[in-house]
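Before I ask anything, let me first share the structure, which is written out below as structure tokens.
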Amino acid sequence: MADPMRIRANMTGDKVEVKVLMAHEMETGLRKDASGNAIPAHFIRNVTVTHGGKTVLSAQWGTSVSRNPFLHFRFKGGKPGEKVTITWLDNRGEKRTDEAVIAGG
Amino acid sequence: MDAKRREVLKTGGGVLALAAAGVIRPGDALGQEWNKAAFDTKSVAETVKALGASGSTPSSGVEITAPDIAENGAVVPIAVESKLPRTEAIAILIEKNPNTLSAEFAIPSGTDPFVSTRVKMAETSNIYALVVADGKYFHAVKEIKVTIGGCGG
Amino acid sequence: MGIQRVLAGVLAATLPCFSPAQQDTLKEIERYRQLLQESNPAELYEARGAEHWTRKRGPKSSSLERCDLGLGPGVVKGAYVRLPRYFADTDRVQDLESRLVTCMVALQGFAPEEARRNPFSGTGAPMITTDPFSGVGQRSVMTDLVAWIASESRGMTIAPPMSHPKERLAYQAGERLFYFRAGPYDFGCITCHGEEGKRIRLQNLPKMTNAKDAQRAFGTWPAYRVSEGELRSMQWRMWECIRQMRFPELEFASDASIALIVFLANRAEGGTFDAPAIKR
Amino acid sequence: MKAKMPSKTILALALSGICVAGCATRPSDSETERTVAEMIKTSFRTRGQATVARLSQDDAQALCSKHAGELPKGVSDGIEKAQQATIRYPSSGKLMGDWREGERIAQSGVGKQFTDAPNRPAGGSCYNCHQLSKQELSFGTIGPSLYQFGKQRGASEAIQKYTYGKIYNAEAFSACSNMPRFGHNGVLTEEQITHLVALLLDPDSPVNR
């Protein structure tokens, strides 16, 4: 089971500032282990952020996003107390959804 | 140098509609599509083409914030901001990585044309920020040097 | 493995000397380190560690909540900055990790070798890889616990006790070990950590006998190492230095490892603890 | 550093909390020595090529550990003399190899770690501690800058011999140097050392341009 994300969603002015950390290997598929066997690629391919039923960011990632990925962005229309929901989906079909409550500025 | 970059980004391919390219779609509700063809590309020109453009124009409206030198290539902080009206998407390309395309973000209206993340760089390379604004492609480029560190390697 | 040359061929031959470029290099490296501070994946380890503390594990299906880290059973706040210390029940000086082994054995019923197994995330050493992104994701309960327990001392003053004769003996032994030179490279800890303001490549080296340097060094471990994509503990820091010194392997939670940590913690006394940190 | 206070005083100090590290209640040197010897025996284990035998010090290592920080002149002279006698020059008499090969060796920091393949040649780790060329900005500063080393000294036979000897056994010239005794300890081969000599002395090498 994948670990929960660490999500921070804070009001800055009229915008919601979202910072998220995801626990994921982001394995490139290009590396070999000590005995010379290739380590299979394992990485997040899709990230979707929604607020009030509307997608506020969607991303497609390759293997060169760093391990334990970090993402930071801003959107308008959110208020303190409302929820931001983030979902990631990796190349093995594993999925994780977490949500955070928007904090005041 | 700019002229050369413009040259690099001219792919000579026909102009494809964004939807047809199936790549950058702000409305993609679940974001479950993944553009394998684009992520498999091995040069900036190929990536731009795979993302549905025949070329891209350098623009001062695209800003990259990143260090000039990375102490380690496994984590290179990079932020991209677009000042161009109607920015729909932002992509991060790393020229000398085994696969050029690192990430792309669809930016719906209401979301700032800004993303900040961290990428891996295999070696010193140019990083391109490619922006789709009002259906056209623009880019900025920045070289980031990756240093060798530690004592046992 | 790929050797990346910084600025290879970029500098104009007309530059009078290396120093202006070198100044820029150091300034940009500093900026890189600043940018890293914006977000630290150590948080992910801390969150897991807090869960491991209360989770029932082992043959006795018990949590670690009654574990005594030196400030009384179950007290975690401030425990890290008061370690290593002497524990009467084991009649030993112990650092955090060796103490956690004791608790896993006593409270959870693990065999000692089981409690000591898999002490570091990943393989514990950079892997032989075809690309420069080393490390491999293998979880370590020990590492997670260390991350969380250390985080519960953030902002506090480093104050290891030094009143018990065994604490003093460990300090003296740690100091001797610090100066001990051996192996095919003639290295000792002193080789890299004996002078102020030195570097290996571009990495600054703390002079461990200098209080300010020792405080910064001790106060920023554990740390998330971006070069490995893993959180690393002080035990790992000792293990890794010893590996690079070309010594045989330092046993996890061994007396020598603890003595070295006692020496460092005491050199760092009075400093502010600011870990888990994030580093190259 | 032996405890000289009466035990009652020690107890009183300890109880009143005055006694901190460095006060007169340190364990005796012999007790510390015994403890360290025991730790060296029990806290390390052989892994790969890094065997526990590596912890048995030779005379120079033992003396340098003992006199860390304050090396008496007599001891340092003795070490240098003994180490001087260990230097073996190549039988071919050729001390200058290929600087390009030397640059590769200088860049590499691998070798002799338990994670290194034992049959793979070691590097010289030179850039870890020295500046050598203008191009490589990622260099260490534990050792002095060697940029323009040959330009300042020339490449006479005497300089070649000195340079080779210094890499072969640094302690022959500077007792308890931080620099490994690359030749004496079998880290680098004679041929590898000649490549490093060329890197330092060849006028075409990046060190001298």
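We just call them A, B, C and D in the order they show up, numbering each chain from 1.
Just so it is clear, a contact is a pair of C-beta atoms (placed from the backbone, for glycine too) under 8 Å apart; a residue touches a chain by one contact, two chains touch by 3 or more.
Just so you know, these numbers come straight off a predicted model, no measurement behind them.
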| item | value |
| --- | --- |
| Topological distance between chain A and chain D, in contact steps | 2 |
| Central chain of the complex, centres being mean CA coordinates | C |
| Centre distance in Å when chain A and chain B are each reduced to the mean of their C-alpha atoms | 18 |
| Centroid spacing, where centroids are CA-atom means, of chain C and chain D in whole angstrom | 24 |
| Chain B-chain D separation of Cα centroids, rounded to whole Å | 47 |
| Chain B and chain C, separation of their C-alpha mean positions in angstrom | 37 |
| Junction residues of chain B, two or more chains touched | 74-75, 98, 116, 118, 120, 147-153 |
| Residues of chain A engaged with two or more neighbouring chains | 28, 30, 66-67, 70, 72 |
| In chain D, residues with contacts to at least two other chains | 107-108, 113, 115, 127-128, 137-138, 140 |
| Pairwise chain contacts, counting only pairs that touch as defined | A-B, A-C, B-C, B-D, C-D |
| Chain D-touching residues of chain C, taken from the complex the two chains share | 3, 5-9, 11, 15, 18, 21-22, 25, 125-126, 128, 162-163, 165, 168-169, 171-173, 176-177, 179-188, 190-192, 194-195, 197-202, 205, 242-244, 246-251, 254-257, 259, 266 |
| Sites on chain D touched by chain C in the complex | 14, 17, 19-21, 25-27, 31-33, 35-36, 38-40, 42-47, 50-52, 54-57, 60-61, 64-65, 68-69, 107-108, 112-115, 117, 127-129, 131, 134-142, 147, 171, 176, 178, 180-181, 185-187 |
| List of chain A residues in touch with chain B within their complex | 15, 26, 28, 30, 45-48, 54-67, 69-77, 87, 89 |
| Footprint of chain A on chain B - complex, ascending | 23, 26-35, 39, 74-76, 79, 94, 97-99, 101-108, 110-112, 114-121 |
| Residues of chain B defined as touching chain D within the complex | 147-153 |
